[in-house]
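Just below sit the structures, each encoded as structure tokens.
Here come two complexes built around chain A, the first alongside chain B, the second alongside chain C.
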Partner chain A sequence: MRIRRVLTETPLARLHERTLLQRGPRKGVAIPWGSFRRDRHPRAALALAYDAQRMLALGEYAAVGLFSRFVEALARIGAPFDIVSAATRVPQDEIRHADLAFRFAAMCAAREVAVDSPDEKPSRWKDRLTVDELDSFAIEVIAIGETLACALLSACRDGATDPLARAIYTNIVADEVHHARLGWYYLLWRAPQWSAADRQRVADDAGALVMQIEKRFGTGRDAPRGAQKAARALGVLDTQRQRKVVHEVMENEIVPGLDALGLGASHAWEKRQRIA
Partner chain B sequence: MGKASAHRLSETCVALGRALRPVERASLERALRRLLAWQRTLRGFPPLARAPDATPYVSLYVRGRLRGCWGSHEGPPEERLERAFLLALADGRYGSIAPDERRDLAADVAYVTRARPVRADEAAMAMEPGVHGVAVVHEGVATVLLPSVAREHGHDANRVLDVLAKKAGRARSDEGLVWLLDVEEVSSRGARASSPTVAAKRWLESLVAKSGEVAFEMTPTGDLVASGTMRHGRAAVAVEALGALGSASARRARAWLARSIAHGLEGHELGWPDRPDMILGTLALAARAGVQVPLESFAASIDVAACSPWHAAQAAAVLGARTTPQLWDACVRSLETRPFSPYALIAARARGDGEISSRTTRAIVDAIRGEPPFLGGAAITPVPETALTSVAIEALAPLATAEARRAVRAARAFVLARQLLDIGASMHPRCLGAFSASPIASALRCDVTAHAVLACGLSRHYT
Partner chain C sequence: MKARRTRVVPSLVLSASFVGVIPVCALQACGGTETAQDGGSDAKVDGVAADAFQSDVFLGVAACCFDAMSVADSAFVLDASSDAPEGG
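Up next is the complex of A and B:
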């Protein structure tokens, strides 16, 4: 099944549009949709921006379902109310991000954009997550995933000089910061409850992920010569900058954060799969 | 060998970001030859040759047939080339290499020099099959098809993209990106021509037997094919080009053609066309080549209603003012549905028919592609053909208007790019100098090179 940006003809659509126009639930910048001039950008840069936004839309849309499962599991195991409350906001943020990305992708492509349904890929996160799976989810998807996303999207925003691209990234980053924090706070709450075996299991999960990150995120979207500046202006991150960002966020935030939880991630980081 | 401009598509596919330098091409050719020599005996693995800092893709051929193809980005640049060679050697997807074939093995190495992203839904319109390679990147893994795939299989853009999707193990989609790749290939053959004119002349001469018989075409493996559709008419174009090139073979070939046509008209010639309009076209082309033929009487005798407009116009182009009104009417009537008619333009000019001249000129100028893909190619077929584009050049060349000159310039560049001046491993060195019938055609027909020679002014060096 293909996912397209579709709204109903009910008042919900107006409400949704208003949320989109009014910067979302957190204070962010307004999105200047009318400022985008497609003809000012080279085709190669537009193609890369379209692809980046399409993949962002896919990721954000998939996150709606993933975080809903997380919320359901949190409520089922009796997690603290503040964690449950913060988690409930995430799926709403994610669908808004997906919408922003879909719209921007469509503007770059000058046509409607579709992505394959995330359900068509087998997910390791099942419908009813166990407590152990919740911990793994919090490590992989939230603490590491959202912190990385936050750093990468911030870099996209920092390079973006196109007003629309910059505003979209600014809005998304403003939420992602909270999502990443949610992961770390969840782990802070859970860590004292872990047995030695639990901690070892979580550390193994975290270590395996940390070892792969540099290689897994080692390639950005490189524009051909002549379109590099324009691609950056649209928020496209090239390989060189992406590698720098991944390295910095791993060294300064993720690895120390995992170490502080007693998960020994710096050992895994030292032994990581390095890029050529 | 610099890496400042390298362009990364994925962890295992890196474009060079610039053209290969002559010194790099020479070094790569030597390295391929050493590797080919090594694989025969496995004695003395060759020392690492310097290589460009990008991903090499090595293709191995035995007598024109692909036997292995692999890329590698493992290790430093020199090591990558050797790993790609070893991986291609062990590639079992194309039937592997038999022990007795090792001596005949030839190799190409391809480097992506530039990669340009296009939306998947625009890729078929933007790509030049046979010229561009293509790649898709899914989850960090690049799947690459080299331009040789289209050339060796005659695939158009859509078919190339289908094959790419199949190779990537995914359904073809209108979403996402396709990378169009500029690719440079270096061959172990070392067969290259410094003069396009000399190379074309030698190739055309290689088609002419001692008896003067002109072969219809040459296969990529260098074998001559004696006959094919409109054999004598096509041979006539080759004779005309050989004459223009000042070749000693021209007289011999012309004499053979005259004898064959005489036999054909008597009904004794093998491969002689059975359709009267094809005979008319053959006679017209023979007349252009300086063979005495009964064109005018034959034209007066044929049933114009059953005559293809193309062949009618070929005859009119030679007969000019002597064209019968019926034949000329047939040419003009057909312009409603087929306005691209270079021979009708040549004929109209000879007849002083200003209205038809301007109509056909407009149609031909409009048919010459003013922008990529295939800039300068005649957009009469989905992938422009060399011969049609060449005939368009011939018709437009005498015109002095700016737009005709622009079209001729672009069309000549398109045609000249089709000449084989550096033979790849998939072809026999005998193919050097020939023009391919289109960017995705591998057979080398006599008239295609001849039309190109006549259209691109290659013969001027000799006359």
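Up next is the complex of A and C:
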């Protein structure tokens, strides 16, 4: 199944446009859709920006379902109301982000954009989550995944000088920070409840992921000579900057955070798979 | 344009100090034993393998947009005239 940006012809569509796309629910900047001029950007930069936005759209769209399962499981196990409440906001943020990315991808490509349904991809998180799986989900998808996403998308924003690209990344990052913190606060609530075996299980999940991260995120989108500055202006992250961002966020945030929760991530980080 | 870097992990988390364990994969990477202790925990490892973390794990936005497997496609996008945007 292919996913396209489709709206109804009902008042819901106008509400969606007005409340979700102009300015996010949080303190966001308005999106200057009319400012984008395709003909000012070289083809290679547009191609990379298109690819980045298409993949971002897919990731954000997939996150709608992922976080919905997280919310359902939190409510089922009687998690604290503030955690459930914060989690319910995430799927709405994610569909808004997907919409922003679909739109920008379409503007870069000058044509409609479609992505494969996330359901086509293999995933550990397709079924109802148990309490144990909730912990793993919070570690992998939220605390580590969203913190990485925050750092990487922030770097995209920092390099973006095109007003539309910058506004889109600014809006998305403003929400992703809250999503990542939800994961960390969930873990802070859960950590005192873990038995030694629980803690070991969670540490093993986190450690296995931590060991892969440098290698797994070691390749950015590199523009050919002559298009590098333009690609960066559209928010494209090259290999050199991506590696630096990943290293910094791991060393300064993710590994210390996991260590503080007793998950021994610094041991895994020391033994990580390194880029050759 | 350089924006101020936002600290994502809450200070409340960073100031926590739970008794730690050592992930099995880290022990295995240095040829360690099956007992994982760090700071007094008596946790026993029950043989969870380092590769228990399967390749199908989907990390959401970060993996989808920035994972090497996703990014590899972009080189293809640059080469594939049928898929790359027109003009500019």
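What we mean here is this: the second predicted complex is superposed on the first by the 273 of 276 C-alpha atoms of A that agree within 3 Å, B and C clash if a C-alpha of one lies under 4 Å from a C-alpha of the other, contacts with A are read in each partner's own complex, and residues count from 1 in each chain.
Simple rule for what comes next: a residue touches a chain if its C-beta (ideal position, glycine included) is under 8 Å from a C-beta of that chain, and two chains touch if they have at least 3 such contacts.
Given the structure is predicted, the values throughout are model-derived calculations rather than measurements.
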### Task
With the two complexes superposed on chain A, say which partner A:Ala47 touches: chain B (first), chain C (second), both, or neither.
both
### Message
In the overlaid three-chain picture, which partner chain does A:Arg181 touch, first (chain B) or second (chain C), both, or neither?
### Response
second
### Task
Identify the partner contact of A:Arg201: answer first if only chain B is touched, second if only chain C is, both if each is, neither if none is.
second
### Task
Using the superposition on chain A described above, determine whether A:Gly59 touches chain B (first), chain C (second), both, or neither.
second
### Message
On the A-aligned overlay, A:Ala114 touches which partner chain: chain B = first, chain C = second, or both, or neither?
### Response
first
### Message
Once chain A of both complexes is superposed, is A:Val84 in touch with chain B (first), chain C (second), both, or neither?
### Response
neither
### Task
For A:Arg225, decide between first (touching chain B), second (touching chain C), both and neither.
first
### Task
Check the contacts made with chain A and report whether chain B or chain C touches more of its residues.
C
### Query
Is there a shared patch on chain A that both chain B and chain C touch, and which residues make it up?
43-44, 47-48, 50-51, 109, 111, 215-216, 218-221, 224
### Message
Could you list, by residue number, the parts of chain B that touch chain A in their complex?
### Response
5, 7-11, 17, 73-74, 114-119, 121, 137, 140, 173, 175-177
### Task
Note which residues of chain C are touching chain A in the complex, please.
1-3, 5-10, 12-27, 29-30, 36, 38, 41-46, 48, 50-54, 56-68, 70-74, 77-78, 84-88
### Query
Touching chain C in the complex: which residues of chain A?
38-48, 50-52, 55-56, 58-60, 62-63, 66, 97, 108-111, 118, 121-125, 140-141, 144-154, 157-158, 160-161, 166, 173, 176-177, 180-181, 184-185, 187-188, 191-192, 196-197, 199-201, 203-212, 215-221, 224, 237, 242, 249, 253-254, 256-257, 259-265, 267-268, 270-271
### Task
Please give the residue numbers of chain A that touch chain B in the complex, ascending.
43-44, 47-48, 50-51, 54, 109, 111, 113-116, 215-216, 218-225, 239, 275-276
